[in-house]
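Every chain is named by a letter (A, B, C and D) in the order it is written, and numbering of its residues begins at 1.
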Amino acid sequence: MSKNRLEAFSDGVIAIIITIMVLELKPPHSTDAAGLADVLPGWLRYALSFVYVGIYWINHHALLDRVAKVDGAALWANLHLLFWMSLIPYVTAWAGEHPMAPAPVALYGVVLLLCSISFMLLSWRLDIDAGGHAMAWGSRKNRVSIALYALAILLSLWYAPLGAVIHVLLALLWLMPEVGAPRSA
Amino acid sequence: MSKNRLEAFSDGVIAIIITIMVLELKPPHSTDAAGLADVLPGWLRYALSFVYVGIYWINHHALLDRVAKVDGAALWANLHLLFWMSLIPYVTAWAGEHPMAPAPVALYGVVLLLCSISFMLLSWRLDIDAGGHAMAWGSRKNRVSIALYALAILLSLWYAPLGAVIHVLLALLWLMPEVGAPRSA
Amino acid sequence: MSKNRLEAFSDGVIAIIITIMVLELKPPHSTDAAGLADVLPGWLRYALSFVYVGIYWINHHALLDRVAKVDGAALWANLHLLFWMSLIPYVTAWAGEHPMAPAPVALYGVVLLLCSISFMLLSWRLDIDAGGHAMAWGSRKNRVSIALYALAILLSLWYAPLGAVIHVLLALLWLMPEVGAPRSA
Amino acid sequence: MSKNRLEAFSDGVIAIIITIMVLELKPPHSTDAAGLADVLPGWLRYALSFVYVGIYWINHHALLDRVAKVDGAALWANLHLLFWMSLIPYVTAWAGEHPMAPAPVALYGVVLLLCSISFMLLSWRLDIDAGGHAMAWGSRKNRVSIALYALAILLSLWYAPLGAVIHVLLALLWLMPEVGAPRSA
């Protein structure tokens, strides 16, 4: 399969993920201020997930720019990344509805962690396709992120908002353009 | 990232937004005339939103035609626009179900206002990419629209149908082809 | 806007319509034969709508093959067609759940009728774009279909299954390849 | 219609199928371990379906690589495959919610069986388009799979988890890259 087709398919899946999340967003139960306050955590979690999917979309392209062709293993490494990303709408809805509960916020972190790991695995596989030695196992930024996602899971189980703070900080870290260069994705 | 990829991704997201809105459309509770009358405001709000998304799709293309390449800031300015557009199905469903309630109709106006502002910001960023001085800050039509969207929010809080009237008038304003030329988008 | 972009966007919307219909398909209430019997009309209606959307997708391409460029009016004539098509998942769900009720089956027919009329209007506009005189107002097959869709609405209001029979017959009529040539779409 | 357009449309539909499945995934009723245990079968069924759709996506491309053009019959053979694939989210949700009930697990198998048969029919039609004699009726692997899918349906009706085991084994069989070559799809 050509790289272009893989990119087009991944773009399609990512465009759908980023757009269908809104279908999981519950409307307020009432039309007064109390109703709005009730759904506010869901809105913020939605915005955060939108940023995450946006970051992945941009980094995914930067990653694929490195290689000229993809083999079957890279195809499955890519589907593996899309699998974990496809769960973002699910955990966004659950964590958005229960912002103070450990399990949903921790599960959100688990999905982010697995997205990050699968991104690293894809990066590793594409390095091999590109003829590299693939000793890097992702950038330092990627490895630091994985450690922080793991920390966020633990903290979420203790006190959920602490996990949410780390989720926000990590999104900000990846928004920095200078460190978001292809190699370090 | 090439402009073509940005356009294809945006087209994908806009195509999904315009299509999934229907999933938020509630079926009538009964199969008689009373049931139909009950869902009629939702249908009209759906049709209005369909027109809005169609207008944005057309103007988005006209906007991108101006530039030859996009940088990282334009990428995020574009995702920012798509973020506010992605909320259109959500507010369409809520305002469609509560056509006389101030909060849902006002919130619909807030999302339209933020779509319009983010479109202006994207326009401004692309002007810089194209080497322009970006002093224009959008066309006069765009600035007038922003003022009217803000007015619609205030009126909605007072009497919701007044806000809805302005939403319809603004859609009609943007449907006029002669003023919908690229520069004034 | 180029014709290619219009086709890609329309294809995207049609692909989403044909796929999200399944989200409106209710699971059986129980896991025994009675539960399956209960959802069977919904399944059949789903299959019928799938065929209709497939027919429109094929004919839409045949239609656009006629022209080299599209103007703003054709753009909106196309969005108009997509608007009515976007309601197919909605009426499929409602008619599928109430196969014996006049209103849902008649409404299904109304949407099919408006899809057919908007397809004819698009055809008429593209004829003008192509330099033709557009006196044809669609093929004879198209005009006959419109009359039959209107008849189906009337019959549905009297006895719903009669309307459903015409919906099936019209799908079969359009499946015939020899009469489905571009000009007669 | 050109082969490229058919591929792009099919890719779009498959990308949507693989992504909207998540919308059918129910959130846990509670945020404790019991709530998670309750939804676990749904998660596993989701993962299995994701793998299946991924396999079909890859094999669909390999299949279309064989031919240079497609005729009207191949177009409908392709829509026929997409029809059965479009039901995967539906049966995934139902079987995921009732992992021990015969009917949902058997129905999941029925849809997989019909996907497999329609893939074989498409393969057969494309062989004719490519000038072949089409005596093969799919590869040996394809024929064996069809027999196993049929067996899974029977076993599901007797004891549902047995059917699920065969569903997993068949996914593993198709994941083997060496036998997943174009011809044997």
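Keep this in mind: contacts are C-beta pairs under 8 Å (C-beta built on N, C-alpha and C of every residue); 3 or more make two chains touch, one makes a residue touch a chain.
Because the structure is predicted, anything quoted here is derived from the model rather than measured.
Common partners of chain A and chain D, by the touch rule above, are absent.
The chain with its C-alpha centre at the largest distance from the centre of chain A is C.
At the chain A-chain B interface, residue numbers used by both copies make up under half of all numbers present, so the two copies contact each other through mostly different positions.
Remark: chain A and chain B have CA centroids separated by 27 Å (rounded to whole angstrom).
Measuring from the averaged C-alpha position of chain A to that of chain C gives a distance of 38 Å. In chain C, the positions touching at least two other chains are 8, 12, 16, 20, 23.
Judged by the touch criterion defined above, the protein chains form a single closed ring in which each chain touches exactly two others. Every pair of chains meeting the contact definition is listed here: A-B, A-D, B-C, C-D. Those residues of chain D that touch chain A in the shared complex are 7-8, 11-12, 14-16, 18-23, 25, 27-28, 31-32, 35-36, 47, 50, 54, 57-58, 61, 175, 177, 180. Within the complex formed with chain B, the residues of chain C that make contact are 1, 5, 8-9, 12-13, 16-17, 20, 23-24, 72, 75-76, 79, 82-83, 86-87, 89-90, 93-94, 97-98, 101-104.
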